[in-house]
Every structure is written in C-alpha cells, then in structure tokens.
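Below you will find the structure I want to go over with you.
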Amino acid sequence: MKRGAARRPIRKRGEDPAHSVFTLGEVAGAVGGTVLGDPHLRLSGLQSLNRAGPSDLSWVADEHRVREAARSAAGALLVSKAEHSGGRPAIVAANATAALAVWLTRWAQPAKPKPGVARGAFVHRGAKLSKGVSIAAGATVSAGARVGARSVLWPGAFLGESAEVGEDCLLAPHAALLAHCRIGNRCILYAGAVVGSDGFGYVWDGERHRKIPQIGIVVLQDDVEVGANSTIDRATLGETVIRRGTKIDNLVMIAHNVEVGEHSIVCAQVGVAGSTRIGSGVTLAGQVGISDHVVIGDRAVLTGQAGIVRGGVVAAGAVVSGMPAAPHRDFLRSAALLQRLPELARRFDALEKRVEALAKGGGPWSSESSKS
Amino acid sequence: MKRGAARRPIRKRGEDPAHSVFTLGEVAGAVGGTVLGDPHLRLSGLQSLNRAGPSDLSWVADEHRVREAARSAAGALLVSKAEHSGGRPAIVAANATAALAVWLTRWAQPAKPKPGVARGAFVHRGAKLSKGVSIAAGATVSAGARVGARSVLWPGAFLGESAEVGEDCLLAPHAALLAHCRIGNRCILYAGAVVGSDGFGYVWDGERHRKIPQIGIVVLQDDVEVGANSTIDRATLGETVIRRGTKIDNLVMIAHNVEVGEHSIVCAQVGVAGSTRIGSGVTLAGQVGISDHVVIGDRAVLTGQAGIVRGGVVAAGAVVSGMPAAPHRDFLRSAALLQRLPELARRFDALEKRVEALAKGGGPWSSESSKS
Amino acid sequence: MKRGAARRPIRKRGEDPAHSVFTLGEVAGAVGGTVLGDPHLRLSGLQSLNRAGPSDLSWVADEHRVREAARSAAGALLVSKAEHSGGRPAIVAANATAALAVWLTRWAQPAKPKPGVARGAFVHRGAKLSKGVSIAAGATVSAGARVGARSVLWPGAFLGESAEVGEDCLLAPHAALLAHCRIGNRCILYAGAVVGSDGFGYVWDGERHRKIPQIGIVVLQDDVEVGANSTIDRATLGETVIRRGTKIDNLVMIAHNVEVGEHSIVCAQVGVAGSTRIGSGVTLAGQVGISDHVVIGDRAVLTGQAGIVRGGVVAAGAVVSGMPAAPHRDFLRSAALLQRLPELARRFDALEKRVEALAKGGGPWSSESSKS
C-alpha cells in the first residue's frame, strides 16, 4: 500500500477560493470596470443568476438575461450596461462575460500541483524537463520528449518518444501526445484526449486492407485546447496542423492531414475527415460532419449536425446548415416547407383532379373544394 | 519487473459462473416465477436463443421471439407467458427480461477485486477510504477525495482533489472523476469516462478566445451509470446534474450546466449542449444532438439522430424525429414524401404545362398524359 | 523520482528513418515496380506532393493528382502509370498507393520497444506472456490473461482477467481489453480504445432501470484495428464479433451483440446499435448511425451521416444516404429538390390561383405570370 504519492494541492481547505472574500471595488479594479454602489461591499461567492444569494456576485451576459437578473437574489452584478443592473450594486464593464472571465481567472485559479517529478512517474532519462515542470505519479515522459517550463502532466498523461510540449501547458489525466508530435505554449489537452494516433489510411491490395504507415505528426500551435476524449490523428506524411488560439471541445475527431486555422471553435462531436482545410475564425457547431478534401473559408459557420460532402467548398463568412449543407436561410425555408409537404401533396392531388375535370369541360368549383 | 500487483480474482477457474450448474427450480425461486416441467432439471449455461444448447437456459423477450424460440436448442426458457414456451421446460415470470436480469445478477456476478489498496496505487494521505474499498494498482485518489464503502477503483481510475464517491460504486479502468465532483451510491463510470472536465466556455476579447474558468462541479445522483469514453463537463458556476437512476451509454457528451432528470436513458453518441434541461423518464436515442438552452419535457422520446435547435422546447411525452425535429408521425410522412419529391416535381411540371395549354384554349387531354 | 522506466527506442537518433538515404532502385525492388530514370538516384525523405523537395520521393495517387504532381518539387515519384510521372524520375507500380504502403512499412517501421516487462508494469503472476512480448510501465495484465508472441502493451494499456491477445498485436496507451475478451493476431487497439465494456442493457422493473448483467464477450479476429477512443461493448450473452481484416476508425461505437463481417471499413464516429449484423466489405462513412436489429448486406456503402432505422435492411452492394436512408441517387435527387422546394411552393401557389381563375372562366394569361 503506497499512500502519499498523488498530487499535492497548492491551497489548504480554508483557502478555498469559493470562500475567499472580496469587494466590489477589487473586482472593478481587476476587470477595468466602474462600480455602481458601494465599492466596499463584501462578497464571498460567484454564482449564476438563479443560484446566487446575497453574498454572491453574478453576471448579466446580455439583455436577454435582464428579466432573470431582476428575480435573482444576487448581492451584486457584473453588467455590460448600467441599466442591466436594475438598481442593484454592480460593476459596469464593456463586456460582462469577458469581465467574468478575467475575475474568475484571478479569483479562482484552479489548483496546480507543485513542481517536480512525483514518485511513480515514468520519466525516461533521455527526456528534457524545463524549470517548474510537474509530472504526476503514473504519467509517462518517453525518450527524447521535451516539456517546457511550468507545464503540468497529471496522472496517466503520456508523452511519446520525442514529443514536444511548450511552456505553461496542461495535460490532464490520460491525455496522450504521441511520438514526435508537438504542442505550443499554453495548450491544454483535457482528460483522455489523444493527439497523434495513426491516421486511418489503408489501401486495398486485392486481398486485404493494407495499412499505410502514418509517419507524419500533429502540430498544435500556441493556445490550442483539445477537449476530453477528442482525437487528432497524425498525418500520413507531413503534418496535421491546428493553428493558434483554436479551441476544440470534447469527443471531436480531426483526421490526418487536416489543417484548422487560427481562433476557430470546434464544438463537441464534430468530425473532420482527411486533408480538409478549415479557415480561421470558423465555428463548427456540435456534431458537424465534414468529409475529406473539403475547404471551409474563414469565419464560416456550420450549424449543428450540418454535413459537407467530399470535396465541398464553404465560402468565407457563409452560414450553412443541413445535410447536404445549404445556406442557412434556404435550409430554414426548405425545412419549413418539408414539414408542410404532406399538406402540399394533398393540395397538389386535388389540383391535379381539378385540372383534369376542367380539361374535360367541367364547370367551375368553389375554391374551397380544391383545398380539402 | 514487478509481477503480482494486478487485481486478484475472487473466484477460481473451477468456480467460473459460466460453468456452475443450477436447476430450473432455483431460477424460479430467485425470479419469483412458476416452473413448467421438472424443477430439478439441471442446466449449466445461459445463452441467447440462437446459441443455446440443451444444457442452456435462454429467454423469450416477447412474442416477436416465439418463432425463434421454437427453433432454439435451448434446454429451458424464461418466458413472460406460458404459451411462449412451446411446450418446453420453462419458467413463467411477469417480465422475462426482468427475470433474466435478476437471475444473471445472482448467478453471474462479475468478479470483484479484494478490498484493500494495491501496491502501485497512488492514494494521497489526505484521502478518506471507507470500509471494503478496493483501489487497484495505477489508480489515483487525490488529496481530500473520499471513497464510500465497498467502492472499487480499477487500474488507471482517477479521483481528483476532493472528489467524492458514494458506496458500492465502480470506476472502470481510466475512468476519471475530476476535482470536487461527486457521485452518489451504486454509480458506475465505465472505462475512460470523464466526469468533470472543464466546460467549453470562452469569450472573445477582441483578440482571442479567452477561457472562462469553469469553477462549478458535476453531481451524479445515486444509480447513475456513465458509458465508456463519455464525457460530462463541470458547470461554469454551480452544478451539472444527472439525477438518480439515469443511464448514459458510451461516447455521450453532456456539456456544462446541463441538468438531466431521473431514470432517463441517453444512448450512445448523444450530445447535449450547455444549460439544456432534460426531464425524467426521457429517452434520447443514438446520435441525438441537442443545442444549448433547450428544454426537454418528461417522458419525451427523441429518435436516432434527431436534432433540437437552440432554445427549442420538446413537450412532455412528445416523440420527435429529424433535424430540425418534428413530431415523429409528421417526420415519417415528410420523409416518405421527400422520397417521392422527384415524382411530384415531374407531375407538377406536367400539370403546369397542361394548365398553360388549357388556358390557351387547348382541348382536353387524356388523363394519362399529365402523369408521364 | 524514478527516471528511466519509460520505453526505450529501438533506433538511435542518427538512424531516424526520416533521414536514412535510399535509392530509386531500392524502392523499385521493394515494391516490385519499374524504374523510369536513374535507379541510383539517392533520396532521403518521403513527402506529400505539396511538401516534397528535390531529395524527397512523393506519390501520385491517381490521375486527379497529375496536375499537382507537375507543380511538385519532388525529386522522384511513385506512379501507377508512366504518363503520371511527367518525365520525372519515377517508379511505376500497379497501384502507387499500395506501393507507398509497402515502401513505408519497410523504410519507416515505427519504433517498437524492447521485449520484456518494464519496471512499473503490473503483471499478475497468473498471466501468461509469450516470447518477445513487451509490457510498458503503467500497463496492466490481469490474472489469467494471455499475451501472444511479440505483442506490445504501451503505458496504461489494460488487459482484464483472462483476456487474450494474439501475436504481433499492439495496445497503445490506455487501450483496454476487458475481462475474458479476445483479439486475434496482428490486431491494433489505438490509444484509449475500450473493447469489452458492458453492453447498454437495462430493463424497467416498474421503479427503475435494472441493469442486465452483460456476461458475453467481444471477439476481434485477426488483423482488426480499433481507432483511438472507440468503444466495442461485450455481448449480453454470447459474443460481439468483428471479423478478420475489418478496420475501425476513432470514436466509433459498436454495441453489444453486433457482428461485423470481414474487411469492412468503419469510419470515425459511426454508431452501431445492439444486435445489428453488418456484412463483409461494407463501408460505413463518418457519423453513420445504425439502429438495432438492422442487417447490412455485403459490400454495401453508407455515406456520411446516413441513418438506418430499427430493423432496417440494406441490400448487398447498395449505396444509401440520408436519414432515413434511401438509395444514394434518390437521395441526391430529393436533396436537390428539397433545396428547390421554396421555388416549387411558389409556383404551386401561382398555379393553384391560375386554375381557380380558369375554372371561373377567366381568359388566358401569359405563361410568365404564373411563375412570378
């Protein structure tokens, strides 16, 4: 029985951020906002509108939340406009949600383990660890791998041979960066994410699917995050690339040789097939499926479950929906008509009969009868 | 080389349940059923109808299986009605499938490792383990975490700081319950499930997507199960909640701040976006996608691949299909018409021409010509 | 702090395949092709057309790539036809992609760890390891498990009680083969794949979903590969079976009691529900969803996001698309018409009015007016 090898918290129980008191003025200072009311007002928590109590700060994301804010028991509010506060103590910032992010980052920094290599970690003697790195018990750093300053590997995190991790990165439990792949600075691989598994490449040789060895790598640039249990495959040759600032949600699949631009958002369960190129500032909503050799222009938006067929092109800035995808407005119109199809079909049958009767020389009918 | 640290079976080979003999009478007693035939009949296995032999018990789920049952070589049958037995030795129970579950639970209890902390487990000295807990080699229990009586952590299972596990729970290999999250009694996290990863929350600050720290937690109530490699994200603030008795299949994604009611069924690869509320007794079939801020009423059924758009509402008891989702009957009607669309379009073109000709004063045609 | 326990590369840095020089003649010999140009031409890399330089070999998959090949800086090309080389040094093989696979397999064999059980591996004394097996630190081999000759378990790989692995298999980091399941020879479980988790089987007993114990197993025959974070569930009773040569991509879900035939291709994020039977030589494209008790004939192709409803049948050789799935040609026609629906609906309204007017005895209109 071995006890004591697991990660050590940097904070004692009494220091739990959820209980550390702060003032309205402190928050305003941190987020660059203006106080409405008493800057010395003391608060001890941060909660959503429906859960907040008198000692909690909450936030009003936009005007759609103003009514909910009025019903909230929150002691104070972060708002984008003074009128959203409803007369309550508040901090007015240009963007209430951005201000929330700033304050949370400051107030509730998540626990970070102490630097060092824990007993029970498997670190190859040929690996290179920079200053301030923390490697937990059960994590693996293989030969030739490099870990940049202050990066953290949680239990079960895996770095393959010659894999490279930048500075201030985080590999959550069971996250894996496989051999020769590289991630930049401030990247996060959430629990179970797999970066650098072999691309799905086979060729039928007449008898069986013969595996095409995948000798390329994956490169994640700075500030890329990959969600829990997502997978990004290594290129056949060359590189699968995710450019800086792009955020990828859980259970996403990015196939070999794909390139994703900067600051794009890839929601949960999206799948992107091989060699597709996705621009910058793109939004792929949940469960979008993109076939291989597709090109998605910058700032395009694909709504939930949209599907793009092989070789398709989505123009920069376009908003598309459905499978096969169409411009979002057309999709909405077609979808509405699809639901009216039974009625249209009935009317059509009636009209056909009417025309037939008319052609046979029948007299006029009431207009109602044709719509029954 | 270290051998011997892995889990120890509780049963020797000769005790393998798949080979332990039982009688029809024993089964009847266990499931509260009535024997048709000799209660002393000895059986040694349990198999599906098409695989069962004369020494096996099988079961007839419902009347659709009666014909298959007649062809089966099974020695005896679990049935819901005497006439389903086809004259074969049988046990009649109110619900044959429920009886099967009861008997399997008794006869084929899966191997459970011996209590204790294995050599090679990483258990923080500040963790609290109750009586009868079993922690395998390679499992991690972090500072402040609590494990209730008789719960089992398999190799690679991970409990984050101050995470809480109830009694009689099971965390399969590589299942992870991250910091501060809580699960009730009799919960199962299957292999690779991740409970408590950060919600996918960012705000664009003009230059980049800034991460909104996710300081909430996930709460699973009693008897919740989470399938292999599924992910349930922690709330931004507050809690993501799965209420008691809800079962979640593999590769499901539940986003931050979602609430799922009691006794709901969430099939494989379902995705539920942030802040959506799902009622009790709901069924989400495979690959359903639900956008954010949706409300799904109690007992609603979403059929496979259905999609609900942002802010959508599904009434209690409704059955909906398609994307965007419509009442199931309408969906079926529209889908059938969609496949007839090419024919309808041809008929429409013909009718248009006919009307034109008629308007020009043409004479009557044969009714056939308009349908060519 | 323990250093040195992680896997050892079989190749030193200077031997990195990406830098080992080869000649055109060597490649031709290995792949059974014909040299166009100087067989002594020396090359040192293998790259895609757009990345290749003068010292790299590249390949022209088919005639669609000939133009790209002409622009490439590659020093030599693997081609299926001499005219694809554009006069450049080349190797002509029957199938350029198959030749690429053969050469890559020879030239760039991925690093394989040395045989043996690493310090930090958890191997039960009742497990059976054949010759040449390699078990990494942090991997688990439970009681009664067997590992065939030359198979490799990477860190975190897990073999449950009495699980069986054939020869020359590879279990990547965190891949799990649970109790009693079996895989054949030359199988690969990529990182995080879970084979043998419990099937999703419950029965409502009036108060709650009662778990039906899943006492069956999963069997993967020879040459099966399972992608990163995919899950294949064990049968309730009997076996979930994947026959030889079938390749499964990442994040795929195969439910309990499913059978998949030989040499099928299952792309990323496909979901297959319980008891469905899939033939041989089948292709399931990305995100396909197949309900339970479906039968898919040999050589059928389901295109991306296609959905098959419960009990559906897809004929051998059929190509189907959409949800609910229809023959691919019909799907394309319907999809095209769906996008024209708004226009058709407008024309229909106009036609209806026109017929009404005509019925009332109105005179002829211009044909244009009816289409406005």
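First chain written, first letter: the chains are A, B and C, and each begins at residue 1.
Throughout what follows, a residue touches a chain if its C-beta (ideal position, glycine included) is under 8 Å from a C-beta of that chain, and two chains touch if they have at least 3 such contacts.
All figures in this text were calculated on a predicted structure; none of them were measured in a lab.
Participant: For the two copies chain A and chain C, what rotation in degrees overlays their C-alpha atoms? Round to the nearest 5.
Facilitator: The rotation relating chain A to chain C comes to 120 degrees.
Participant: Where chain A and chain B touch, do the two copies share over half of their residue numbers, giving same, or under half, giving different?
Facilitator: Here the answer is different, because the shared fraction of interface numbers falls below one half.
Participant: Taking each chain's centre as the mean position of its Cα atoms, how many Å separate chain A from chain B?
Facilitator: 24
Participant: For chain C, write out the residues touching at least two other chains, lowest number first.
Facilitator: Answer for chain C, listing residues that touch two or more other chains: 120, 138, 156, 174, 192, 229, 251, 269, 287, 305, 323, 338, 341, 348, 351, 355, 358.
Participant: Could you please specify the touching residues of chain A with respect to chain B in the complex?
Facilitator: Counting only chain A, the residues touching chain B are 1-9, 13, 17-18, 46-48, 51, 95, 97-98, 100-102, 104-105, 108-111, 120, 136-138, 154-156, 172-174, 190-192, 223, 225, 227-229, 245, 247, 249-251, 263, 265, 267-269, 285-287, 303-305, 322, 335, 338-339, 341-342, 345, 348, 351-352, 355-356, 358-361.
Participant: Along chain B, where are the residues that touch chain A in the complex?
Facilitator: Checking each residue of chain B against chain A gives 116-125, 127, 138, 140-144, 156, 158, 160-161, 174, 176, 178-179, 192, 194, 197-198, 200, 202-205, 208-213, 215, 229-231, 233, 235-238, 251, 253, 255, 257, 269, 271, 273, 287, 289, 291, 305, 307, 309, 323-324, 326, 330, 333-334, 337-338, 340-341, 344, 347-348, 351, 354-355, 358, 363-365, 367, 370.
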